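As written, the chains take the letters A, B, C and D, and residue 1 is the first residue of each chain.
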Amino acid sequence: MAENKVPKTTEDAVLVHSSTLPEYSVEVQGFDWSQGIDYEALLNSYATSGYQATNYGHSVTELNKMIAARNQIIVGDGDEVGVQGCTIFLGYTSNLVSSGLRETLRFLVQHKLVDCIVTTAGGVEEDFIKCLAPTLVGDFGLKGQYLRENGINRIGNLLVPNNNYCKFEDWVNPILDQLVEEQKKNSTTPDGERFVWTPSKIIAKLGETINDERSIYYWAWKNQIPVFSPALTDGSLGDMMFFHSYKNPGLIMDILGDLKALNTMAMRAKSSGMIILGGGIVKHHICNANLMRNGADYAVFVNTGQEFDGSDSGARPDEAVSWGKIKKDATPVKLYADATLVFPLLVAQTFAKSILK
Amino acid sequence: MAENKVPKTTEDAVLVHSSTLPEYSVEVQGFDWSQGIDYEALLNSYATSGYQATNYGHSVTELNKMIAARNQIIVGDGDEVGVQGCTIFLGYTSNLVSSGLRETLRFLVQHKLVDCIVTTAGGVEEDFIKCLAPTLVGDFGLKGQYLRENGINRIGNLLVPNNNYCKFEDWVNPILDQLVEEQKKNSTTPDGERFVWTPSKIIAKLGETINDERSIYYWAWKNQIPVFSPALTDGSLGDMMFFHSYKNPGLIMDILGDLKALNTMAMRAKSSGMIILGGGIVKHHICNANLMRNGADYAVFVNTGQEFDGSDSGARPDEAVSWGKIKKDATPVKLYADATLVFPLLVAQTFAKSILK
Amino acid sequence: MAENKVPKTTEDAVLVHSSTLPEYSVEVQGFDWSQGIDYEALLNSYATSGYQATNYGHSVTELNKMIAARNQIIVGDGDEVGVQGCTIFLGYTSNLVSSGLRETLRFLVQHKLVDCIVTTAGGVEEDFIKCLAPTLVGDFGLKGQYLRENGINRIGNLLVPNNNYCKFEDWVNPILDQLVEEQKKNSTTPDGERFVWTPSKIIAKLGETINDERSIYYWAWKNQIPVFSPALTDGSLGDMMFFHSYKNPGLIMDILGDLKALNTMAMRAKSSGMIILGGGIVKHHICNANLMRNGADYAVFVNTGQEFDGSDSGARPDEAVSWGKIKKDATPVKLYADATLVFPLLVAQTFAKSILK
Amino acid sequence: MAENKVPKTTEDAVLVHSSTLPEYSVEVQGFDWSQGIDYEALLNSYATSGYQATNYGHSVTELNKMIAARNQIIVGDGDEVGVQGCTIFLGYTSNLVSSGLRETLRFLVQHKLVDCIVTTAGGVEEDFIKCLAPTLVGDFGLKGQYLRENGINRIGNLLVPNNNYCKFEDWVNPILDQLVEEQKKNSTTPDGERFVWTPSKIIAKLGETINDERSIYYWAWKNQIPVFSPALTDGSLGDMMFFHSYKNPGLIMDILGDLKALNTMAMRAKSSGMIILGGGIVKHHICNANLMRNGADYAVFVNTGQEFDGSDSGARPDEAVSWGKIKKDATPVKLYADATLVFPLLVAQTFAKSILK
C-alpha cells in the first residue's frame, strides 16, 4: 500500500459519481425570512423542507384533493343528483377531545365538512363533559397518588376533576331511562325486526339532548353526521350504563347495526377520504370499512406510532394498501406528529380556507 | 478572572459533594460472564442492569406477586371456599396473535394461569385463522401494491394470504347461521329478559366449534375463561357478519351484557392483576373495569407507546393511579419493548416456572 | 351482593369527589374558528390545548424570556459595558442543515440573534455543500442499492447526489493546503505556545472562504459567532482531511482549545439560554458547558428521543437539572417533535418578531 | 342496490384470492411450551415469531456470520499470514457503560472478540469511574432539584453520586500531568513529525493506568484493541482536562491522527462487521470509516431511534447502503430495542457460545 496516495478503492468509494440525475428534482428550500413573518408562506415552504415538514406539505395536498373531490356534486337528473363526489371519514382518539383539538373537530362538524365520524367512548363523553365543566391544563409529572386523593384524573398533561364525571352521571341518567323506555315501547321496528339501540343512535340522542353549540355531537346530530363508536361501553359512559343497569335493567346496545351503517356508507361513496388522528380502533375501523369499497381514494394519518412492533396503530399506509383498505394508486400520507401540533394548522390551510375568507 | 485558576463557582459546580448517600443502594451490576452461559442467571442480572432491563426485572417480580396472590385459595367453610386470591386479567392486541406470541398466550390459557381475557376482533379471528392455514414471516418493506395484486395481506413483517380469510368465511358462516337460529329460538331468557348474543358468548361458541388444541379460544372455552372484545365487529369477523346479514339478517350483538360480566369479575376479585400487551382498547378496557374495585393491585404493561401525545396507550401506570384504576400503593411496571422480545422470557421466569419443572 | 344496587365500594370508587380544586386553573381551550384564519391567534391557542401543543406554547414563552434577558445590555461604565444579559447557545444536528431548517438557522446567525453554535461535522459541511449544489427532496422508501448504483446519498427523505461531495472536495482541498501552510508558518504562537488549529478556527476559515450569503457559517464568521464541533473529523470533511493527509500531511486539529473557548463563554455569560434541536453530542456538549456556570437559566429542547433507554438524547430536562447543567429554578421545556415541523414557527413567534415588523 | 346480496365489488374486494403463493414460506411459529423451559430453544423460536423477535433472530444470524468470517485466519506464507477474515467494529453510547451492559462489553474486549471500539467521552470515563465507586440503580422519576441538592447525578434510572466524579478527578489529574510532560519531552516524533496526543492514545494510557480487570479499557489496552472517541472532551474527562489546563497548560489532543488510524483499519480489513448500540456519533463514525472500504460486509444496529425525523441515529441500515457505508448485497439488521434488554442475550447466543461451553 503506497502511503502517499489514497488507495484507489477508497477514493472510488468516497468519490462515486452520480451517473444519472435523480428524477426527484425538487430542491430543498426552507422559508425565506427576507419576506418577513408570513405564516402562510412559511407553512407553504414546509413541502420543500424535508422529513415531517415534507409530510405536512403532502398532507395539505391530500386534504385539498379530498375537499375538491367532495365538492364535485352530481348534477343533472337521476337517483344520485346532489350526491357528493367524496365521503370523508374522520377518526380521532379520546385524548384529542380532551385537548384543545375539540374546537377544531367541532368546527369541521358544525360546517358539514366531514361526513362520518369514528371515535372511542372517551372521544364521545369528553365532549359532553366539557359542556358541564372545564378540563384543565396540568402537567405530565403530577403524582397519581396525590391526584387520586384529591379526586383529579390526569390525561397526559390535562386534568379532569372527578366532579365532572359526577355531573356527567347526573346528566346522562335520565337519558338512559328514556333509552330503556323507548326500547321497551318499540320492541319491534315497523318492518318487524326487533328494535335495538346502537352506539350511533345513542350518540345522536345525547347530541340532541346536550343542545349546546360548543359540542361536537350536538352539531353531528343537527347535521346528520353519523358517529360510530363500536366499543361505546369502554369509558365513563359504560360506567354509567353499568350503574344504571342495576336500577333499570334491560338496555341492549347492538353493534352489528352500526357496522352495516358504516360499511354501507363506504360502499356507496363515490370516492372516499380518511382523516385519522391517532391509532387503535378509530384507525382500524375506518380502514376496514373502506375495504368494502376496495380501498379509500385519499388518506391522511396523523400519529406517533411506529411500525416496528407490528401494531396496526403504527403501520404505514402502505400496509393498508396490501389489505385493499387504500387504493393501489392512492397517495396516502402519514404525518408523524402529536396531532395537537399540526391538525389546527392543517385545517387552516385546507378546510377552513375552503369556506372562510 | 485569574487565568491560572479555575473560577471557584465553576469548581464548586462541577465538584459538588454528595451530601447524603442516596437511599437507593443497589449497585449497578451486569451479568458475570465468568460463570458461563446461564440464561436464568443472565436474566436475573437484568434487575440491576438499568433502563428497561431493570423494568424487565421489576416485571418478573410483579408477575410473581400476582401468581403468589392468586395461589392463595380460600379454605375453611363459607361461600367463598375455593376462590382464588387474585384474578388475573390478560389483554393483548391483534398483531400479537398473528405473531408467535400466540403460542405463549395459549399456554397461559391452556394451563388456567389467567382468569379473563380482553382482546380486539383481530385478536380473536387471527387465532382461528391460524387453525385453518398458516401465517407467514415476510418483511416490513414489501410493497403494498404488489401484495394486493397477489392477494397477500401484511401485518408488520408478517404475511397472511387472503385465501386464509376466504377459508375463515367458509368456516364461520354455518356458525353465524346457528347464532341467528338460537337467537330466534330463545327470544327470551328463562328469567324473562330478551336473549341476546354478546361478543364473549360468540367467542366461546367459536372456541368450542374450532375444537383445535392449538387455539387460544378453544382452551378459553374449555377452561371457562371469558374473552371480552367489545368491538368484535371491527375485523374480518365483522366483515363476515356483515356479509352474512344480507343472507340471514337479524343477528344482534349486545355489548352491555359483556360490560356487566367484566365489571363484575373485577368487583368480586379478592385482589386483581393486569397484564396488558399493547395499547388501545385492550389496555383501557381492563383498567376501566378495575376502577370498579378502586384499582388493580398488580399491573404489568408492555408496550412501545409514549406519554408525550397524551394517549392512553402511551400513558405511564401512574396516570391510571390518578383515575383509581390502579391502587395508590401498588408497584405497577411499564416495560417499554415490543412484546415479542420480552413476553416469552417473562412467562418462562414466572408462570411457566410456577407449573413446569 | 345485592343485585339491584351498585356495590357501595364501586360507586365510591367511580364517583370520588374532588376534595380540593386543583391549583392548575387554566382551562383547556382550542382555537376559536369563528375569528377566521388567524395563524398568530391559532398558535397562541396552543398553550391551552394540551400535550405537545402546550409544550409549544411553553417554548415560545421560554424563548421570549431568553431574548428579553439577552437584550438587557449592561450600561454605565466599567469592564462589562455592552455585555449582553444572556448568552444563547444554539445546537443542531447534521440532518437539520440538510433540511429546509438551514434557512431558519442562517436567519438567526445572520441577524446576530444567537451567540454560540454547537453542531456536528455534517452540520458544518452540509451548509457549504448546499452553496455548491442543491440537496433534493426524495422519499424515505427509496432503495439503498438503487441509490448507490446511481451515486445518490439518502438522508431521510432527502437526496444528495454524490457529485456534490466531489465538488466539495475540489473546493476544500486548497483550503486544507492553506491550513497546513499556516500551521507550519506559525509553529509557535506569539505567547510561546504551539500553534494548532481547532475545529472552530477551521469552520471560521471555511465560512470566510465560502463568501456566500446563503451560508450559515459565512454569517457566523462575519458576525464572530463561534461554531464548535468537537468531532469535526466525523463526516465528509473528515474524509477530505484524510485524503488530503496523504498528499500534504501534518495537519493537527486540537479539540482542547475549543473546549476552553466554549466553557469560558458559558462561565462568563451573565445568564445563559440553550436551544437544542436533536440529540447526541450537540445536546450533551452545550449542557456540559453550562455545568461550568452551575446551570443554564433557560432551555428549550426539540427532539423525538425518549427517556426509557437511558440515553442523554432522550432525557428530559430534569435529568440535566440533577447534573447542575440547568438551574434548579429554571423552567426548561422539551418539545417532542421533529424540529422541521415546529422550529420555523417558534422562530416566527419569538426571534423574528423581536426584529421584524 | 339489491339489499339481500352483498354487492359484488365488495365481495370481490374482501374475498380476493391469493393468486400466487408468497415466496416467503416460513411459517410463524412461537415457542412450543410442551418442551418445558428451555431458554435456548425459546430464543431460537424468536426468528419465526415476527416483528422485533424476528429481528432478534436475524441479529443472531448476522453476528454469527461476522464471527465465522473473523475466524477465517489467513494461512500459508506471505505478508498477511495470521490476518483475520473479518474486523469487527463495536460502538456504544455512554449510558450503556453506566448500565450493566458494561460487564458484557468488557467480556467481549477481554476475550478479544472485537477489534475496534468507538464510543463517546462518557462511554470512556464511566468505566473508570465504576472502578472507583459504584453506580446505583434509582428511578426515572426522581426530581432533579432534590438530586442536585444532594449531589447525585441521574442517568435514566441510574444514579451516580457526584463524589464519584471527585474521585475521578483525583485519579486522573496525575495522569494528565504525565501527558503534558510526555508531550513536551517528545516535541517531535522519531520521523520528524510533531508529537501529539490523540483520544485513542490517551484512552490506552488510562486503561493501562487503571490496572483493574473490571475495566473495559484495561483489557482494550492489554489486548491492543484501539478505542476511538473523537469528541473525548465532551464529558467529565473534558471537565478535568479543562480544569487541569489552568494549572498545567499546553496539552494538545489531535483528532486527525485517530481518524487516519480508524479509517486505515477499515480499509485494511479483509471483511468488516459493525455492531452499534445506540446512535449519534458512535453510529456515524463507524459507518463513515466503513465507507473507506466501500461498505461493511455485516451490520447489526440496536437502538430505539426512528427514521421519520431524518436523523442518522434513527436511519434504517438501507440509508447507509445508499452512502456506500454498507455493501449493497449485505444483510444488515436493525433491532428496535433498548440494548439492555437484548444485547446480553445476543452475546450469549453468539460470541459467548463461540468460546464458552
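Everything below uses one rule, namely that a contact is a pair of C-beta atoms (placed from the backbone, for glycine too) under 8 Å apart; a residue touches a chain by one contact, two chains touch by 3 or more.
Only a predicted model underlies this, so the values are computations on that prediction, with no experimental measurement involved.
Student: Sort the other chains by how far their Cα centres are from that of chain D and give me the top one.
Tutor: The chain lying farthest from chain D is A.
Student: Does A-D or A-C have more contacting C-beta pairs?
Tutor: Counting C-beta pairs in contact for A-D and A-C gives the edge to A-C.
Student: When the C-alpha atoms of chain A and chain C are each averaged to a single point, how far apart are the two points in Å?
Tutor: 33
Student: Per the centroid of Cα atoms for each chain, what is the distance between chain A and chain B, given in Å?
Tutor: The computed centroid separation for chain A versus chain B comes out at 25 Å.
Student: If you average the Cα atoms of chain A and of chain D to get two centres, how far apart are those centres in Å?
Tutor: Roughly 41 Å, centre to centre.
Student: By residue number and range, which residues of chain D touch two or more other chains?
Tutor: Correct list: 14, 16, 50-52, 95, 98-99, 148-149, 152, 155-158, 239, 242, 263, 291-292, 306, 308-310, 324, 336, 338, 340.
Student: What does chain A use to touch chain B in their complex?
Tutor: Where chain A meets chain B, its residues are 93-96, 98-99, 120, 122, 140, 142-145, 147-149, 152-158, 193-194, 196, 230-235, 238-239, 241-242, 245, 249-260, 263, 278-281, 284-285, 288, 291-292, 303-315, 317-324, 326, 328, 338-340.
Student: What part of chain C is in contact with chain A in the complex they form?
Tutor: 3-6, 11, 14-22, 24-33, 36-37, 39-40, 42-43, 45-54, 56, 95, 98-104, 107, 130, 134-139, 148-152, 155-159, 161-163, 165-166, 169, 239, 242-243, 246-247, 336-338, 340-342, 344-345, 348, 352-353, 356-357
Student: Under the definition above, what is the set of chain A residues touching chain D in their complex?
Tutor: Per the stated touch rule, the residues are 1, 7, 9-10, 12-14, 16, 50-52, 141, 263, 267-268, 291-295, 306, 308-310, 324, 336.
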